[in-house]
Structure formats: C-alpha cells, structure tokens
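To keep things simple, chains are lettered A, B, C, D and E as they appear, and every chain counts its residues starting from 1.
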Amino acid sequence: MSRRRYKHSEKKVGASPGTLIYVGQDIDYKTKIRRIDYNEANYTVEDIRRLASCSRPDATSDRVSWLDVDGIHEPRVVERIGQQYKLHPLLLEDVMNSQQKPKVEEYDGSYLFATLKMLYFKPASEELDSEHLSFVLGKNYLISFQEERRADLFQPVLDRIQASAGKTRRNGSDYLLYALMDLVVDHYFVVLDTIGEKLEVLEDSIIRQKAGQDTLTHLYTLKRELTLMRKAVWPVREMLSRLLLEESELIRPTTIPFLRDLYDHVVQVLDSIDSYRELATGLLDVYLSTLSNRMNSVMKTLTIFSAIFMPLTFIVGVYGMNFDNMPELHTRNGYFVVLGIMAVLTVLMIIYFRRRRWF
Amino acid sequence: MSRRRYKHSEKKVGASPGTLIYVGQDIDYKTKIRRIDYNEANYTVEDIRRLASCSRPDATSDRVSWLDVDGIHEPRVVERIGQQYKLHPLLLEDVMNSQQKPKVEEYDGSYLFATLKMLYFKPASEELDSEHLSFVLGKNYLISFQEERRADLFQPVLDRIQASAGKTRRNGSDYLLYALMDLVVDHYFVVLDTIGEKLEVLEDSIIRQKAGQDTLTHLYTLKRELTLMRKAVWPVREMLSRLLLEESELIRPTTIPFLRDLYDHVVQVLDSIDSYRELATGLLDVYLSTLSNRMNSVMKTLTIFSAIFMPLTFIVGVYGMNFDNMPELHTRNGYFVVLGIMAVLTVLMIIYFRRRRWF
Amino acid sequence: MSRRRYKHSEKKVGASPGTLIYVGQDIDYKTKIRRIDYNEANYTVEDIRRLASCSRPDATSDRVSWLDVDGIHEPRVVERIGQQYKLHPLLLEDVMNSQQKPKVEEYDGSYLFATLKMLYFKPASEELDSEHLSFVLGKNYLISFQEERRADLFQPVLDRIQASAGKTRRNGSDYLLYALMDLVVDHYFVVLDTIGEKLEVLEDSIIRQKAGQDTLTHLYTLKRELTLMRKAVWPVREMLSRLLLEESELIRPTTIPFLRDLYDHVVQVLDSIDSYRELATGLLDVYLSTLSNRMNSVMKTLTIFSAIFMPLTFIVGVYGMNFDNMPELHTRNGYFVVLGIMAVLTVLMIIYFRRRRWF
Amino acid sequence: MSRRRYKHSEKKVGASPGTLIYVGQDIDYKTKIRRIDYNEANYTVEDIRRLASCSRPDATSDRVSWLDVDGIHEPRVVERIGQQYKLHPLLLEDVMNSQQKPKVEEYDGSYLFATLKMLYFKPASEELDSEHLSFVLGKNYLISFQEERRADLFQPVLDRIQASAGKTRRNGSDYLLYALMDLVVDHYFVVLDTIGEKLEVLEDSIIRQKAGQDTLTHLYTLKRELTLMRKAVWPVREMLSRLLLEESELIRPTTIPFLRDLYDHVVQVLDSIDSYRELATGLLDVYLSTLSNRMNSVMKTLTIFSAIFMPLTFIVGVYGMNFDNMPELHTRNGYFVVLGIMAVLTVLMIIYFRRRRWF
Amino acid sequence: MSRRRYKHSEKKVGASPGTLIYVGQDIDYKTKIRRIDYNEANYTVEDIRRLASCSRPDATSDRVSWLDVDGIHEPRVVERIGQQYKLHPLLLEDVMNSQQKPKVEEYDGSYLFATLKMLYFKPASEELDSEHLSFVLGKNYLISFQEERRADLFQPVLDRIQASAGKTRRNGSDYLLYALMDLVVDHYFVVLDTIGEKLEVLEDSIIRQKAGQDTLTHLYTLKRELTLMRKAVWPVREMLSRLLLEESELIRPTTIPFLRDLYDHVVQVLDSIDSYRELATGLLDVYLSTLSNRMNSVMKTLTIFSAIFMPLTFIVGVYGMNFDNMPELHTRNGYFVVLGIMAVLTVLMIIYFRRRRWF
C-alpha cells in the first residue's frame, strides 16, 4: 500500500469552496491533452497545445468528441477546461482531489460527472497504488482526466476506435465512458490475481510451517492492500447501481446492458476481496496456533531433559559428598549399582513421557 | 477447495465487451450437444453433430425443446448457438465465464438467463470444486450449458422425462428449469453433509484432546470450503427471490410454489453454512485453550521437578565441597541426617504443590 | 445438541419434487391419530384407526375439528391425509422433512401452513433436541403433525378444551393454532432457563478459577445449543410478523392481539439467546486470561527457584573442585564464610523478587 | 448484574393466555395506590385503600387523573384495576411480567400501553438492577405501575405538580407520561456515569500494569452490565420512534418536541454504551498483551540465569571429577585461570544478552 | 481522548425539561458576542455588550445578520438570546448540553437548528478534544454558538466576508451556515492526518519489532480517539443527508451542491476512520504474534542451553562420585576420553537443533 502522505488538510482549512488545489503526489511534467473525434465513418486524433482550442463541441454535432487530459496537477489547466465546457467549480475541485472517493453526479441533466480509482502494483516497490480518474460525460463529448502519466492506460480503447470494425465507433459518448470504466475494472481483476497469488504463497508457508515473523508482516501488508482495494471498489458498486436505476438521459438504453455487465464484475471483485479477507484471517489463526504448538514442543523438550537429568545429577551429587561415614561408597559394586539404578530411572522416565505422548 | 488459478485477467484487459474467451480449466474434449423434445404424449432424444441443426424451435410449437450443451470452452460453438437462438453477446460471455457469480436476468421478456454453480467434492483429491452452469429459458425451450463432462449430472431429470408418468412431462420449459436447479440444490445438501461429517471428526479429535497441528490445517480447509460454498450459494437465494417477486411471463403460476420450495431449501443450506462456521470458530477457541492448558501442565511438571531437585542438588553440592574444616562431614550420622532432611524437604514440596493443585 | 445425522441428502438427489420421504430419526411405532371436535357447547375426542375417516369437515360446520397426528414417518399416512384434506404435495413434503425450518405459507386463501420446532432437553443425555411440528389451518379445522411421541405435548391445550370454562372453546381454529404455538414458545423459556443455569455454573467455576479443560468443552457445548436454538427460533419471529402483517382471512381479528403477544415472547427469547452468547464469549476471554495468569505464576515460581539455586549450586561447585592450589579451602572459617555469603545472596534474591512483586 | 433467577417458565407452560402470574422477585408488602388529580388551577393527592374507588375518570373531565400503583405482585389488585379501567387481559399480563421488554402498543385508539425498565445500582451489592415499569395512557388519565417500593422514584414529578408554577400542570396526561419516562431516562445517565467511572478505574489499573486476575473479573462484570443495559435501553429507542411516527390521538402535538428530545437522549445513552463496549474490548486486548509481555520478561530472566550458570556449573563440575590423571589440577594457577575464564564467560554472556536487549 | 468527567447526570435527574444547565467543563470568562451584518455591497462588525441589542433582524431586511456567540456556559445569556429570537426552550437546552450529539431539526419552517462537534488535538497534552457548536439558521440571520474560546475558529470565514470578492458575500445565511460547517469538516481532515501519522509511527515500531508495552498503550489510545471521532462524525453524515433530502425552505437550491460536496467529505472522513480501525486491529495481531515469536525464541535459547549442559553436568557429576571402586578413574586417558565424549555430545546436540531449525 502506498505510504505517501497527502498533507493537504492544513492547506485547505478555511479555503473558499471551489478553490482549486491539487491534492496528490508531486509531479514534474506538463499536462498533455489529446482530442479524439469520431463517428462510425471516420476519426481524428489531435494533440492540443493551446488551452483555447479545448472548446466544447457544438451540441448538434453527430460526432463523439473525447478530450483526454493527462495530468490534474495544474489548477490553471483544469480551471480553463472547466470554463470552456461550463463545468461547476465543485466538480473541478473533485477532479483535482486525488482523495475524492468514487461517485457519480448529474448536473442539471446537461452533463454527468463520474470519478473512480485505477489500481495497480507499482513496478519498482510492489506496492499497491491508486490513480485518481474523472470523467465528464456530455451528450456528444467525454472528458477524461488522469492523475499521472502511466504510459498507455486508455490505449486499448483508442486502438479499438482506430480499428474501424469495433462496437465503440458505432456507439455514443456514453458507450465510450463505459468502455473506459470497463478498462479500469479489468485492471481490478489483475490486481486481485496478484493478491491471490501472494495469499497462496503465504498459505503455503504457513501450512507447511515454514512461516516466520516475516510472514506475518506480509499477511498484514496483504490485509492493508485488501482494505485499500475495498475502499476504492466498494463505492464503484453504488455508483453503477445509481447509473442503472436513475435513467439519466445521457445514458442510452442500449448501453444499459453493458453497465449491468460492469456492475456484475464489480460485485465479483468485491466478493473476492471479502473471501480473501476471510482467508487471511483464517491464516492468522493457523499461524498463531502453530506458534503455540511449537512453544509446546520446545517446552516439552526442555521438561523431558530436566526430568531425566535433574534426578540423575542429584544422585551423582549424593555420592560426591565427602562424609566420612558413607557405607555405600566402600562396597564393591556400589558404583555399578548406582549406574544401573540411574539407567532404570531414565528408562522409566522415557516410558512415562512416551505414554503421555510428549514425543 | 480448488486451487486452480484462472489467469484470465491479463487476457481480458482491454478486450471489447462481448468478446468470447473461455475462463476456466483446460479441457480437452469436444462439446457434446443433445436435444430432448417432449410433450405429455411422447419424447425424442437426439445427439446433435452439426451446429446448424441447433435451431430455435418454432414459437407456436407446443413441445418443450431442451438443448443440453456439455462444454463451454469452445467460443465458436457457444457463439453459433447464440446466433441460432438470437442471444445477447453479453449473455454468451457470462456462459463462458466460469467465474461469473449466480444471477438471473430477463432479456426483453423474450428469454431469461440464469446461472449458478454445481458443487461437488472431487473424487480423487477430496477438494471441493464448482462447475459453472447456465440456463436460457424461452417460452417453449431451455438451453442448459455445463462446464465440463461430469458423467450424468442431469441424468435423473432425463430419466423422469423418459419414464412417462412424471410431472415433468406434463409441465412446460419453466418447470424443466426448476427441475434442473432443484437437482443442483440437492447436491448442495450432499456437500453440506460431507462438510458436517468432517466437522464432527474434527470436533471429536479436539474435544478428546487428540488434536495436533494437522487438525488446525483441516479446520482451516473446512472454513475455506464453507467460504467458497457461501460465495456460491448466497446469490442463488437472491436469484430465486427475484424470480418469485418479478412475475416474469416465462414462469407459469403453477411453477411458483416449486420455486418457493427451492428457495426454502437454499435458505436452509445457508443457515447450515452459518451454523457450521460458528461451530468451526468455537472449535478453534477450544483447540487454542487446549494448547494453553497443555502448556500449563508441561510447565508445572518442569517447575515441580526443578523445585524439588534444585534444592536437593544444592545440598549435596554443599557437602561435596572440599573445605578442610567442615565439622558435619566427620560426624557419625551426618550422611544419614542429610538424607533425612532431603526426604523431609521432598515430602514438604510435594504437599505444597498438591495443595496448590498442581498435580 | 443432538448429533444424529440426517443422511437424507443422497436419497433425495434427483427425486421428483413432492416425493414423500421421511427425513429424521428411525422410529418404530405406528402413527396415532386423534380427532377433537368442539364448539362452545360441547366436545368429542375420538381415536382414529381407519385413515378413511380422516375426512375434512364440512365447510358449513360451526364446530372446530382438530386432527392431531402423532407421527410423520409413514409416507402412506401423510399422503392419505393430504388427499382427504386436498393439500398441496409440497406441503406434505415439508411436513415429513424434519429439517424444514420454521415458516408460514398460505395456499390460495383456503388453508394456511405453519411449521416450527419444539425444543427440549432429552431426559437421558441432557442433549438439546428439537421436534418438527407442522400445522394446517383451515376455516373450521386444524391439523397438527408431531414428529415423535413425547407423551403429552399438546395435553395442556386438550385439558383446557375439556374444562368447559376456557377461552379456547369460545374461539375458532385460529385461536387453537395460537394456543398450540404458545405452548411451544412456553417450552422455549424452559430450555432457556436450563441454559441460563448451565451458564451460571460455568461462570462460577471460571470466575472462582476452578475451571479446567472440561469447562471449556461445556462452554463450547453451550454455544452449540445457543446456535441450534437461535436457528430454530429466529424464523419463528419472521413467521409471526408475517401472520400479523398479511391479514389472512383465516386469522380472526380477535386472535391478532394474542399473536402479537406471542411475537413479543419470541423476541424476548431471541434477546436472551443473544445476551447468553455475549456472556459466553466474555467467559471464554476470562478463562483464557486465567490460563495466562496461571502460566505466569508457574513460570515465576520456576524462575525464582532457578535464580536462587543456580548461583548457589555454582558456588558450592567451585569449592568442590579438586585443584591442588585453592587457598580458601584451607582457611579456618572458609566453609562458614561461604555459607554466610550464600545466605546473604538468597536473602537479596528474595528481596529483589518481592520488590518486583513476583510473589 | 442481578443474578436472581426467574423460574417462571415452568409455571407458565400451558397456562391460558391472560392468566395473571407475577414473574419477578419475592416481595412481602401490600400494593400501595395513590391518585393525583390536577388541572392548572389545583390538585389533590389521595391514598387509595379500597380497590372499588380506583375507577376510571369520567371522559368529560378536564382534570388529569394519575393513578400511581406501587406493586405489581398481587394478581387480584392488577386484575381489579384492569376491570375498572376496562383494560385488555394481555396488557395486564405484561404489567405483571417483569421480564417483558420495553414496548408501546395502542388499544383501539382508546388507550396506549407503554412499558420500560428503570435501571439503578443496588445500594448494598453494587449490582446493576432493573425495575419493571408500565404505563397506561388514556385521554385524561394515566396509570403507572412500579415493580417494587423504591422510596421516591416518581417524587420529583409529583413535586413539580405540587409546585404550582410547572409546565406539568398546564399540560395533559400525555405530558405526564413524558415527564415520567424522562425521569427514567435521566436515571440511565446516572447509571452510565457509574459504569464510566468503573471503566476508568479499570483502564488506569490496566495501563499502569497493576492489573491482576481480579481486574478481568471486573471487566467481565462491566461487560455484563453493558449487555443488560443495552437490552433494556435499545427497545426504548424503537418505542419512542414509534410514538413519534404513528401520530396517536392520545399524544398532543405540543408534546411531540419533548418526546423527540427524549428520543435524542436515549440515542445518546445507546451511543455511550457502544463506545464503552469498544473501550472494554480494547482494554482486554491491552491486558492480555501485558500478560504476554510479563511472561516474556519472566522467561528472559530465567534464560539469562540458566545461560550464565549452566556453563559455569559444568566447568566447576569438570574440575570436581576424581580422575587420577588430570594435569590441570596440579598446576600452580589452574584454579585462578579457571576462575578467570568463568568471569570472562559471564561478561560475554551479559554483553550478548544486552545486545539482544533482553534486559 | 479527553478524560474530563461530565457529572451532569445527577444534577439533571428530575429537572423540568427545558431547564437550562450548562453541561461541560468549567470556564471562567464571560460570553463574548459579535454581530456581523453584510450584503454584497458592504458589511459591519460589531461587538455586543448589552444583551438587549441582540435582537432578531427585521424579516424584510436583505442583509445577512450573523450573531457569533462565544461561550455557552451562562444560562442567563443563552436564555435571553432565545427570547429575543423566539427560540424553543428545548433548542436552548441542546445548545448548552455539550454532550448533545450532532443533529439537525427544523422548527415550524421558521428556523433550523443544527449542532455538531469541532475536533482538535489539545496543544499541551496531545489529547483529542471536542467542542460543542450549535447554529440557528433563520431566513436572513444565523446564530452560531461556540463552547469555549479557541482563538480564531471562525476567523477564516470572517476574513472571506471582509475580503469583498468572496462567494460568501453574494449568498445568503444558508451559505454562511455551509461555510462554517465546511470549516469544521476541514478540521476533521487535520485531526485525521495526525491520527494517520501516529498510526504510521506505531506500524513502524511494530513491524520493525521495536515495540514494547508502551506501543500497545498508544495503540489503545489511538483506538479510543478513533471511537470518539466516529461518534462525533457519524451523525454529521445523517444530518447532511437529511438537509439534502428534506428540501427545507431555508436552504436555497444554489446551496445544495455545496452541501452535497460537504456530505462527500464527511463520508470520506468516515471511510478513513474505518480503514484506520482495521489497520489498528491488524497491528495488534502483528504485535501479539511478535510477542509469541519472541517467547518462542527465548524458550529455544533456554532449551538449547539446558539440553547441552544438563547431560554434560551429569557426566562430570558421575566422575565426581567418591566410590572406592570406579575403574575408569584410574585409567591413563579416562579424563581425556570423557572430555572427548562430551565434545562429541555437544556437537551432536548442536547439529540436532540446527536441523530442527532452532537457531
């Protein structure tokens, strides 16, 4: 789980609502903006350099206009796009707040705002990280905001648009929104698989009793990841069920079955998260009882040694005393008799502990 | 619990929705398709070799047409059946996704899609496994999809059709759907019985204090199985309650009491799962406290030995010292007095520990 | 808790719905049937020997006809009664399925089916057991089915009918149903009292620290009993709240306050079950910490002995060495000085451990 | 928590519903009845000795008539009052059943029945106890039933009536009901404060590590008290929310804000109960880990002693052997060399354990 | 968490409802009152010294009148303000009750009462503390009550009013209410950050195994703080969702998106609280298993020492016996043979424990 600290709280105390402040990690590149325009017949891809050309498409256009904004850390950029598309300031604030949890909101039926989290394991550190994504859906346009430059997050959808045959080109901006969210949910399964593999490794080491203190730290990390993932995915379920129930005019009826399918997948992710949490808890119990069992076996070893050697050491101590008058010392076989007695005692002890199944 | 890994996630990232990819175990046989046509008067059973003959029956036919598809791993086959019966691509995707959780969906009132899990213990490994089953219910037809070839899963229902007397022949395709789902739920009880027996064995070994590290692994496995089972059965409850509430035109009123009965059984399964989970948790507590008790008894043994022999060994050590001037050594009965003192000490110790109920 | 195993699952797989198979313990007597007919003016009690005379009373009769069937293990008998009273086959299946959980169902407004569990401690083994009871309520008749012959389960109600003064005689078949269910719920309180007493005994032994491994097994058994009881009583609450809400024509308005009262009692039973569960969990915590405390005290004893005698034994060992040149050995008071040093050391150790409050 | 046993269960089995049996502790005084009549202008207080004078006030009277019944253990008295006021027998049963949980019920819109629990710590034993209170609210009368004689439970309200200025005199019987229930809820806060203080004492002793086995028993008792309190207060919340929602004609609109305020307070009590439960669970965890920590420290002490003295004792043992040919024994400084080696060994051991932070 | 005790319970028992008693800490300054009047054009700030001048503004005024009351401990002051603004006595009681939990209530559509908690860490003691805030919202006025003097709680909002450009001046009293509540919620994030940092420190010390008894106390304190915070924030969520749903006339439609944004933030706070609680529980598990692991390692050390030195000490004890006839003593290499045997024994032991991975 990511440990970066968002020290935004102090900054924001008392700030006027709608004040745009980026809340997230430091980022050192400029926002990249790209516009993809398409209909069933053709498409254009254009890199945008001047903010002034980010204008909202004409309401009568039958083309879908997708504005893909890569970077949410420059208030000036986000604000300007907001002005061009006439978006509410609070919406822009949510776009820039990387801690905003997933939700969907409709503004006067004229546009719809949706935000959710991309999840992935950071290549270097194997830490689970999340990226804040936002979408503004208009009748014939879609704006997508990505938090930071992960090479080709939306590339597969762009590929499908460029390959002329796909369903995407034949459908509207709402289907494009679905396609992008579906991409995000597909990544949830990838993350889930990684977590599942980690859990299996832990299970193996715990059940084969090769687990050490390390294992527990891994189990804890895994639980943290599941907690983080649940926090990110749970609201997506609610968000989709609202989209399905509220019958927005921006969502065409033909897109509904696709959103229902997406909802299904999100529920499946949540079910797996819950199963994994239960399994992790079960593993902890197994591990703790393994520790108790080991302790028991260590203590038995100690006790067996003590129970055998303490009496013997006492006996040889007795005959090491220097009393003048100790008749046994002067008998012929005293030494051998004592050795015999000790042998018998040892055997008896061993039989006793065997019977009590101590070893 | 099955440990096969479904590495479908990577494959599916970015795939166009409705793309048919089989998600499940490798399977090496060809799909087998069989059509059973019947009405009250007679029936026919036919093995289908050419996909072209899998056509949807005429809507005016008064016979029930049951297409039993054995194998969901060949996209080409599933797709072709989908075309013949005019099924939605997302439905076909769900048929092939062996991780799809149980649900029911109606498409335009013209057909109804239901999917659930068959559960069974694998003969060889005693592992709980699940098989993905899907049903498409039309007015006078039913398509059933089975994930893999388990010899005679639906045989009992076919037997009842062939034995002319049964209720099945007198009823429609919806009753056939019920009969097949009832078969699945009947198997849940068989699995539940096996788990119940395992739990009883564990209980026995834990309460009679014969449990070792092994027992805990079994308890954990059992909890995993209950988690898997709950995950598979819980949505079936919701699925049936929706069928009962939503009054689909595809479900005849006479079939409703049978579905209500089925609902009852599913609830009973879920209740038992929950009871078993509670019992398993209780057993873990008993086991852990048994470990603590045993440790206590081991430590008491050790302490008693130490408390008796440490002072004695010290005393004999004293008289083993080589000081020139140790008057006791030269008395007549010194040795015997010391032996006596040690005997008294031992008896006192034993009395003391008895009083404190240490043994 | 009863440990009898209901191996019905295998038998039932694939059986046609409505097939009557008794699911419960083996029973070796014949079903006894008794009919009690009464109105405010008079009553008759009749033992029925021929199934043909179990006929449904005439709908116009103003008498209440109570058919009390003692035994549900003979499919032939249950089936025949079902035919005479025109009952649905699924209802009869539920009557014979002793694992059916409590519920209420109305069939076409013409009769109402209710089933619940009688609970009692088996006299011999002190195990909690349940008996499956079912009721069919018609306008002027009631059929009651009991699983096995417990001498006089419904006797108190019969007594009230025979004593002419009672409310029962003045009311209809619905009041009779209430009276019988009230009897069952009254027994829940008796069972609850027994469990409460057991819990108090356990609490006593745990808090006074007299608890051993046994105690924990008893605690576990008690939790099992509470789990079983909750499973049996919880659905009764739902069943009664449905009866109160759904305003069946078979339930007269004057009977409603009595059912509401019954509902109250069931809620009270459930509350007590939950409190007992919490207390049992609390006791487990107390017990486990008692074990830890005891272990601490055992280990302290051991450590005190070791810390005192190990140094002493070492010292006497030093002067037991056989070096030629050990000047101390030849001093006059060497022996007494060493004894003195050891005494001082012992006192210091004791003071040290007293200060750390080890004893 | 009170441990008195209500062995009413056996008595009640099979009793006709509405049979009045007192369920509670043995009580040996006679029921005292007092009637307070008032309107804004004046009031009268009268001790009632003959049951015949407990008559329901005339419906046209504009005075409030409060009948305060002190004692619910005499069936004859309760039954007679029931007859005079024309109350339902099941209501009377609830009045006498001290285990009846809090609820509110309206009978035909003509009177309203409310029952709840007074909670207090018994002066002698410091045990939390509850007293069963019931109220019957008519248009211009209120009957209050108290379980047993606690000197002046309702005295503060009577005082406010007698002090002519109060709001109580200006309002109706519903406001009187509110005032009495408010008194009861005020006592919940007193009980809560006592429990809070106990918890703080426990917290102190646990966090300062002065806790012993005793502490845990106190923690358990406290949890029991919280369980009992929750069981008594939880239904009061539901009861008040029903009063607020159902708009009974017996509750004047001006009384509604007061009931809403009362509801607030009950919710506050429940919140505090839940917080206390969480804190108690947290304290248990702290205590158990303290035990583990102590054990660790005890074991370290033991191990350090053993690790230092066992090798030393072995070494001196070696030179205590009586072999003829042991060259070291006859060297000049053998003894001093051995002493030196042992000193070095001891220092090394101490350094080693210091490094591992064992002390 | 603050440990001050509110011993108000006894005082309030039996007090007439609406009796104003301050429930909170002792405070020794006088209430300060300030009125800020503003519209888009200009504003005035006035310190109020005479309570008579705290009059409700004329209903026709188009200015917003904000009365900021600093201190709720003087019943006389609160009562007088209540009279001037014609507020309900129960509302005033809630203003003065610092334990009142957050809620919103509308009085006859003419004014709206809202109360919530300010949370902050006390500078000196690092304890989490809460301050009781209340608001009365009228059509063109707002009264704010603060519990105690924390220098500049509402200063940022006043600053925005004074800086003429802000949104606050252009909007009504409802927006002012929002702005003040937003300020409070912003502080929740600050508190959350502090708790998050503490948790990270604890995590670090536990995972790096540097945790001692102290750590656990800190973990417990942190859980207490989360419990307190949850108790304070949870009802704010309900309060805002009621404001959003109930469409009060006092809340203008333009303010709704801002309240929705606030709701979002509160949900985000609650989500983080829950995640932190889970993490804290996970850390406790890690810590407890660390203790077990350490104990295991201590015990292994002890057992290894014992298992090696007990047999050796016994052997040298054997040859320290003083029997006349012990042939080995008189052989030439007896001593060296015994030394050799002991060396071999030691090596074997070490190999054995290595194989069992004890070190």
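As a working rule, a residue touches a chain if its C-beta (ideal position, glycine included) is under 8 Å from a C-beta of that chain, and two chains touch if they have at least 3 such contacts.
Just so you know, these numbers come straight off a predicted model, no measurement behind them.
Chains making contact with chain A as well as with chain D: E.
Interface residue usage between chain C and chain D, two copies of one sequence, is largely distinct: under half of the residue numbers at the contact are used by both copies. To fit its Cα atoms onto chain C, chain B must turn through 70 degrees, a value rounded to the nearest 5.
For this pair, chain A with chain B, the centres built from the Cα atoms lie 26 Å apart.
Taking each chain's centre as the average of its CA atoms, chain C and chain E sit 42 Å apart.
If you average the Cα atoms of chain B and of chain E, the two centres end up 42 Å apart. Residue positions of chain E touching 2 or more other chains, listed in rising order: 288, 292, 295, 299, 302, 306, 310, 313, 317, 320-322, 326.
With chains as nodes and touching pairs as edges, the resulting graph is a single ring in which every chain has exactly two contacts. Note for the complex: chain D touches chain C at residues 3, 5, 7-10, 12-18, 88, 90, 93-94, 99-101, 103, 105, 212-213, 216-217, 220, 223-224, 227-228, 231, 284, 287-288, 291-292, 294-295, 298-299, 301-302, 305-306, 309-310, 312-313, 316-317, 319-322, 326, 328-335, 338-339. Of all residues in chain D, those touching chain E in their complex are 155-157, 159-160, 166-168, 178-179, 182-183, 186-187, 189-190, 192-193, 196-197, 200, 207, 209, 257-258, 260-261, 264, 267-268, 271, 275, 278-279, 282-283, 285-286, 288-290, 292-293, 295-296, 299-300, 302-303, 306-307, 310-311, 313-314, 317-318, 320-326, 358.
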